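Order of writing sets the labels: A, B, C, D and E. Residues in every chain begin at 1.
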Amino acid sequence: MGAFVAKRLGQAVIVAWGALTLVFIIVRVVPGDPAKLILGPDASADQLKHVRSDFGLDHPLWRQYLEHLGGVLHGDLGDSWRLGGSALGDTLERFPATLTLSLVALVLTILLGFPLGMLCARRPGKVLDLLVSTGSLVGQAVPSFWLGIVLILLFARELGWLPATADGSFAGVLLPAFTLALPFIGWLARLVRNGALEEGAKDYVRTARAKGVPEGLVQYVHVGRNIAVPVVTVLGLLMGNFIANAVIIEVVFSWPGIGSLMVDAITNRDYAVVEAAVLTMTVSYIALNLLVDVVYFALDPRLTPENA
Amino acid sequence: MSSTVEEVAGATEATPVARLRGVHIGFGAPGRERPVVRGVELDLVPGRVTALVGESGSGKSLTTLALMGLLPGGARVSAGSVEIDGHDTAGFTDAQWRRLRGPKIAMVFQDPMAALNPSFTVGWQVAETFRRHQGVSHRTARARTIELMRTVGIPDAEHKYHSYPHEFSGGMRQRAMIAMALALEPEVLLADEPTTALDVTVQAQILRLLTTRQAEARMAMLLVSHDLGVVARVAQHVAVMYAGRIVEAGTLDEVYTTPAHPYTRGLLDAMPDPGRPGRLVPIEGQPPAPGHLPAGCAFAPRCRFATEVCRTDDPATLPVPGRGTSTGHVAACHHSARILGTEPEARS
Amino acid sequence: MNTAQASVPEAGTALLRIRGLRAGYATRGRSGFGRRRVDAVAGVDLTVHAGQTLCVVGESGCGKSTLARSVVGLLDPFAGSISFGDVDLSSAGRRERHRVARDLQMVFQDPYTSLNPRMRVADVIAEGWHVHRGVLPAGEHAAEVDRLLSLVELDSSYAGRRLHELSGGQCQRVSIARALALRPKLIVCDEAVSALDVSVRAQVLNLLMDLQQELGVAYLFISHDLDVVRHIADEVAVMYLGTIVEHGTAAQVFQNPRHPYTRALLSAAPSIHDRPGGTNESALTGEVPSPAAPPSGCRFRTRCPIAADVCATEVPELRVRGDADHAAACHFAGEDPATGT
Amino acid sequence: MSAVTVPAEGLAAEARPETGRRHVPVRVWVGVGVLALFVLAALVGPLLWPYDPVATHLADRLLAPGGRTATGSIAWLGTDQVGRDLFANLLAGARITLLVAGATVVVGGAVGLVVGLVSGYFGGPLDTVLSRVGDVQLAFPSILLAILLAGVLGPSITNIVITLAITRWVIFARVVRASAMSTRRLEFVDSARVLGAGHLRILVRHVLPSCWQPLLVAATVQVGLVMVAEASLSFLGLGVPVDTASWGATVSIGRDYLGSAWWISTVPAAALALVVTAVGVVGDGFRDLSDPRSQI
Amino acid sequence: GFGGGGGGTPKGALRAAFGQPVTDLDPYNAATAVDEASLIVKRLVFDTLVRRQGDRLVPGLASGWERTNDTTWVFTLRRGARFHDGTPVTAADVAACLKRTRAVASAQTPLWASVTKAEARDDHTVVFTTDGPLGSLPVNLTLLFVVPAARVADPEQKRRPIGSGPFRVTGFTPSTSVELARFDDYWGGRSDLPGISMPYIAETSSAITALRTGDIDLLWPIPPDQLPEVTRVKGVTVEPVPSWTYYLNWFNCSRAPFTDANVRRAMCQAVNLPQIVDRLFGRGGQQMRAPIPATVAGYAAQEPWTYDPAAAKRLLAAAGLGRGFTTSMMWFDATGPLSRELAEAMISSWADIGVTVRPQSIEKAQWLERLNSLDWDMNLQTNTVTTGDAAFTVGRLYTSKAHRMGYKNPALDQLLARAAAAPSGSERDGLYGEACKIIWSDAVGLFPLTLVTGYGRSSRLTGFTPAPNNQPDLAAVRRR
């Protein structure tokens, strides 16, 4: 187990480094001069030069890159020119909001998706099943920003049940989280349904019945335990997806998370923040994957370091 | 050997614990179903090992599952009855079936890897039988399980209790399956190809284990196999199945030494035999696909004894001529008499 | 095959020579780090003679398939040499190996998985001619496919069918036809009939024997089924945990087994002449140890009914004991031939 | 981008009903019908109802569906915020949207196919390198990559295709790799090798055919997601150029009017949802139908 | 709580949403030196020496000032003013602030270029010295925010700045929300509001919904297309005010065919501005009659271009472009409301006279790059006269030296130089008026409209005065 985690960690570091390098390069290839964005169109050449040197933008690229890497190793990704503070600090300050949003979305997905899937598996091919499988497709087919606004208009404007914006209350997180979760509820339901049907057809289920185990226990204990493994894996990936997909939802709902921060930073060529945000997202994605691997490892007794 | 034969002779009078009477099993909607098992008659008598042999797809497993009330989705008994202790199980509720499975009738499956739940420890799975039926505590169930695992020859049972199926070898898995089946000392033990996945040396061990247990507890046992050698080693009675029908049944000696059905005969001839080197004598052709049975006798297209009548009339299962009806040697062939009189085909 | 007779080597000459073969798999260590070598075949010497059948028997996991895969080049041996005819395969270049491939074919256990299910029967059979250009002009493919089909007793109408429309026995015939397409001198059959039902198995076995008669092809026939082996083998090698424990003609091995393992195997094998209650005294206990951690000394000693102290320390050599060419690897094989009967 | 990058085959294939597995369910036919309709609309629609994406008719602004325009014609689906007919917009948008989605999936699929095949078949260090590159790509927030690439490349349809394809190839590569890897282990590959077949032949004749089906299934999922992703790019102001119509762009621009003129955004959103769902339904049907044994 | 809201806002606080995010509160951060959103907050948190009230300049921290000679200004500080940390405001603080602002390169830099120094004569007197006459010093000083001398370069100022304004910062999440609480020791008296919360709501629909449901009390600017809808909402009052922000569409005068003034004039004549402004913007815009909004000092109305496509065609023909030409127009979407629609409408008009215009909606960063390198044919953007004075735009943008749209006119240069030196008054206004005329008739650009800021507020608010610079004085607001 330790070796397994160590190996995954090694891979994770490589991937994080790759992402870091990628964002460094792309950000600098994208046309647009931070100095000009800072100073506006009226800046003189002198002023621009001054600002560029303030942010180390006048060094050759390879030197910037090395300095950047060195900084990263010390947990310093430079300062945001726009938000003032340390880029990593600004980003981490925002991260809990994104995490909260994603977690609530995850909980919503599980609470709705799991039972729905089990219900569908009970009577495959019947009305509910067809509804859910079509619904899961529709859920993914609607642009989330459109859905978000429609939900705001419906729940905040027409019904007045929930606030239209992030106002700090729990109610305020429900709409964005639901918008984020909706495409995946049906998706999870189908996953659970397919898993339940597939596992249900396996020989060990027959064995359990042959022992005289009641049907409910057969489903929830014998089958349930076996679909738990893939489902948990998927939940981890889902969480990663939520964090990544939160970008748009955060913009729509003015949610003070890392996604809206990132979009803002890109538009304004705030290199340090873009890099910090990408690093945070990448690392959280990698961490989630690692977590999934570990959980998978713990849940599936068949796994050994060799075949993991 | 002699003792078992006597037992069997004495047991013919005994009432069967479980019996199949003219059981038809089909897939699909009622009325339009594809028959897979056709009119199977089978008696499972205490103390006796009955073997069901036949080629792949002939319907052996379905017949066995019908006895457990565990037919797969889509399959159902469309005619005939499955009787346990003289009761027709047709109207049984789930709860009634559940009470039978374990204490009355139990089953060992073919592929022990697939038949064990990969996510639970072997011990837990065996113990579950006790917990469900005897309502005992985990601790008691565990103690009984370990004891049981020892009896089926799992060494270091205390420790192995906590192992997962994948940590077991094939033979050990099958022992665990057997432990599970024997847990509540059932009266009927069904074993569907219990040794097919195993090596010869392990197969021998498992067969010995099964027969010892069966003899000790005087269980009625149904052994499903396609291996005539295995059957020869353990069964007193043999039923040969072809395309969903039992084409011949009788005591082991009757069926093996004086087969009255051309299919049984063909099977035996096709076995390599040190006594008869040279070319083997295969049964030409292939079994019919279920749902595409030929008219008349299903074996007729492959049968070298077939005549006109075979292609039109499906033969009834009748006592083999020349033997007293009491022996129970039956065959479903228009030409049993002729076949009994013919020498096996000589080998080139 | 009209020209086949010309290419048949003189029966009895050594065709395939295996010397000191060690082969197996590299697996990750327990910790997940490092690599460990598992010698599934741990020092095997075998010779297959032209036109003859050498059977290798042994229980699951004893390394039979590993041996077969090494012979046909699917696995690079760790040590030892395999030579085919006058070509040493371990040092042969790509071209040479490619040429040898024509003479050395294989039939796998499961025809459904060993043939591409998406292909038509004709394409399956003809694939070798595409790989070895120049063997047969494209124009003659169809005719040759028909001929091969009739050789394996299939109707030529099967040429256009897809494999999933065929039964297991028919599929295995196609598999054999495919192997024959390049007119090989040796066919390695790894459990080629194990997946088949009794009656179909008889058909395929007959076919194999007929082909040997007609074409003079040699077989390295791998099986765990003693009845089958006894029926078709000229020579038999009994394998246990990666090593050959007994080797001789079929008659020698079956009638006068010298190794305790062979004896156990023979007594455990079910036969239609067995009867309930029949005793098999020497039925083995326990199971085959893992090749990753083989016992010291004699690999069989952990299950051997006659094991002594010497067995734990000294590796018994596969030596001829008694009859000519009848070799066994047991410290006690020479002294006590009587236990075999 | 509400793009699901989680592999859709998380828990293996749909359990199939016992009987009639060759039977194509009605809903799949409905899906095919809807798709055909939209493809037809995309092909001939703009010829019959020409649309100029930069022309404005300020007199006809924000007409509700069925409203009458200054020229007396009826705007069946309403008009947008500069008075363009939404029906014509829908047809013109269909063309671009379907084109972008199709091209993206083809480009991404092709790259993924090659990478996945090579990676899965050869394995070893090459696979390790390609897999890590894929990991980086997956760990990198795809929306961010899209934003950055769109910024680097500038607005044009080709660039959107490139951008989206870059964020997608890895999904195809993963699918193909998994399939190639498991095929490589199959016995018929060994069998071909024993015959003396070289890597190229084995790749093309034996491994590739078994990759098509999962690739196509993945493609059906991705076609839909790409359409939605394109809309998301528009939302972030990085979508198709102003002088082209796409559903995503119209949904995005019309969103500010959802409270007052709901139809601007809702008409193309509904079209998008309909097409994506139809693709999904057809993809599902395809997955259910494809049984490797009957696979040509 | 979730997100950035909540924390630190007292009950009963005013919730006011502006259309742009506040990214930073450091008064000397170059990036936000003229950023409207942060200026709104800064005006609440910091004091300036001089304040603007309507059209007039009134005392702020300075109780009075006088110009002792052409280059010297003496400002007297108010007694009793304290910073939020309790320390008194002194002349030394003001001097340090000026030093700091001069040291930072920002969009404000030109304003302070000629102010050579500020000296604290005593605790309450500060003397500014300029290197030439600078009539606009008091106006400029409305942008010099005063902070404690010790904190001018303190990084803490970015998030939790200390000022002497009527409100102090209790919470700030960049681009998301600012939370303010009343500063009870404010010299100008306690505000009626216990606090102010300024969330940023990016999506128009969300913002309007929030206003409708009372989640926020004040929203501005309301996009023109949503004005009618909001006007109809019960409990919400809409107050439109012509702003200092206007659309301009420059022609790149250094690039053919726009080197020819007649081509530019043809372009202006080809657009039916009254119709576009009316139909597209309605109450949200006013057609312009000068290159600056009517409410800006120095404005002089010109004769609007008549919509006459035929005449435009003739002009083109005379210029040898009878068959039209192809050109392009660049803008970035966020530049202003309905920018895309405005662009499309103009492009449609030009299509009628045979001019094909490729629309180029690009990212702001790229737009900036291209703007300064004159890498464009036409540039559509909004512009704000931050100081409400023609000098800020006309004087800055249209000189040959500035080279902003490739227009070079020595006569105009002279005129602008004279205007810059002139003290405020009618002479100065006249000079700028003349400049307007030249820019207008030479068709340096097409100036379609001034934006009207629609303030939507809860009808329960009183004391609210809509401001043309989008920076209303929120401290004066009361709740009924």
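The definition used in the following text is that a residue touches a chain if its C-beta (ideal position, glycine included) is under 8 Å from a C-beta of that chain, and two chains touch if they have at least 3 such contacts.
Just so we're clear, the structure is a prediction, and the values are computed from it rather than from any experiment.
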Problem set entry | If a chain touches subunit B and subunit D alike, it appears here | A, C
Exercise. Counting C-beta pairs in contact, does D-E beat A-D or the other way around?
Worked result: A-D
Exercise. Hey, how far is the Cα centre of subunit A from the one of subunit C, in Å?
Worked result: 54
Exercise. If you average the Cα atoms of subunit B and of subunit E to get two centres, how far apart are those centres in Å?
Worked result: 92
Seminar exercise, completed: Chain-centre distance (mean CA atoms) for subunit A and subunit E, in whole Å, is 38
Seminar exercise, completed: So subunit A residues touching two or more other chains come to 30-32, 149, 153, 157, 251
For this session: Could you tell me which residues belong to subunit C and also touch two or more other chains?
Result: none
Seminar exercise, completed: subunit C contacts subunit B in the complex at 59-60, 167, 169, 197-203, 205-206, 209, 224, 226-228, 230-231, 254, 264-265, 267-278, 280, 283-285, 287-288
Exercise. Can you name the residues of subunit A that touch subunit B in the complex?
Worked result: 202-204, 206-215, 222, 225-226, 229, 299-302
Exercise. Contact residues on subunit A for subunit D in the complex?
Worked result: 11, 14-16, 18-19, 22-23, 26-27, 29-32, 124-125, 130, 133-134, 137-138, 140-146, 149-150, 153, 157, 183-184, 187, 191-192, 194-195, 197-198, 200-201, 227, 230-231, 233-234, 237-238, 241, 244-245, 247-248, 251, 259, 262-263, 266, 274, 277-278, 281-282, 285-286
Problem set entry | Interface residues, subunit A side, partner subunit E - complex | 30-33, 36-44, 46-47, 50-51, 81-85, 90, 93-94, 97, 100-101, 148-149, 152-153, 156-157, 160, 163-170, 172-173, 251-257, 260-261, 264, 267-269
Exercise. Where on subunit D is subunit C touching in the complex?
Worked result: 186-188, 190-198, 201, 205-206, 209-210, 292-296
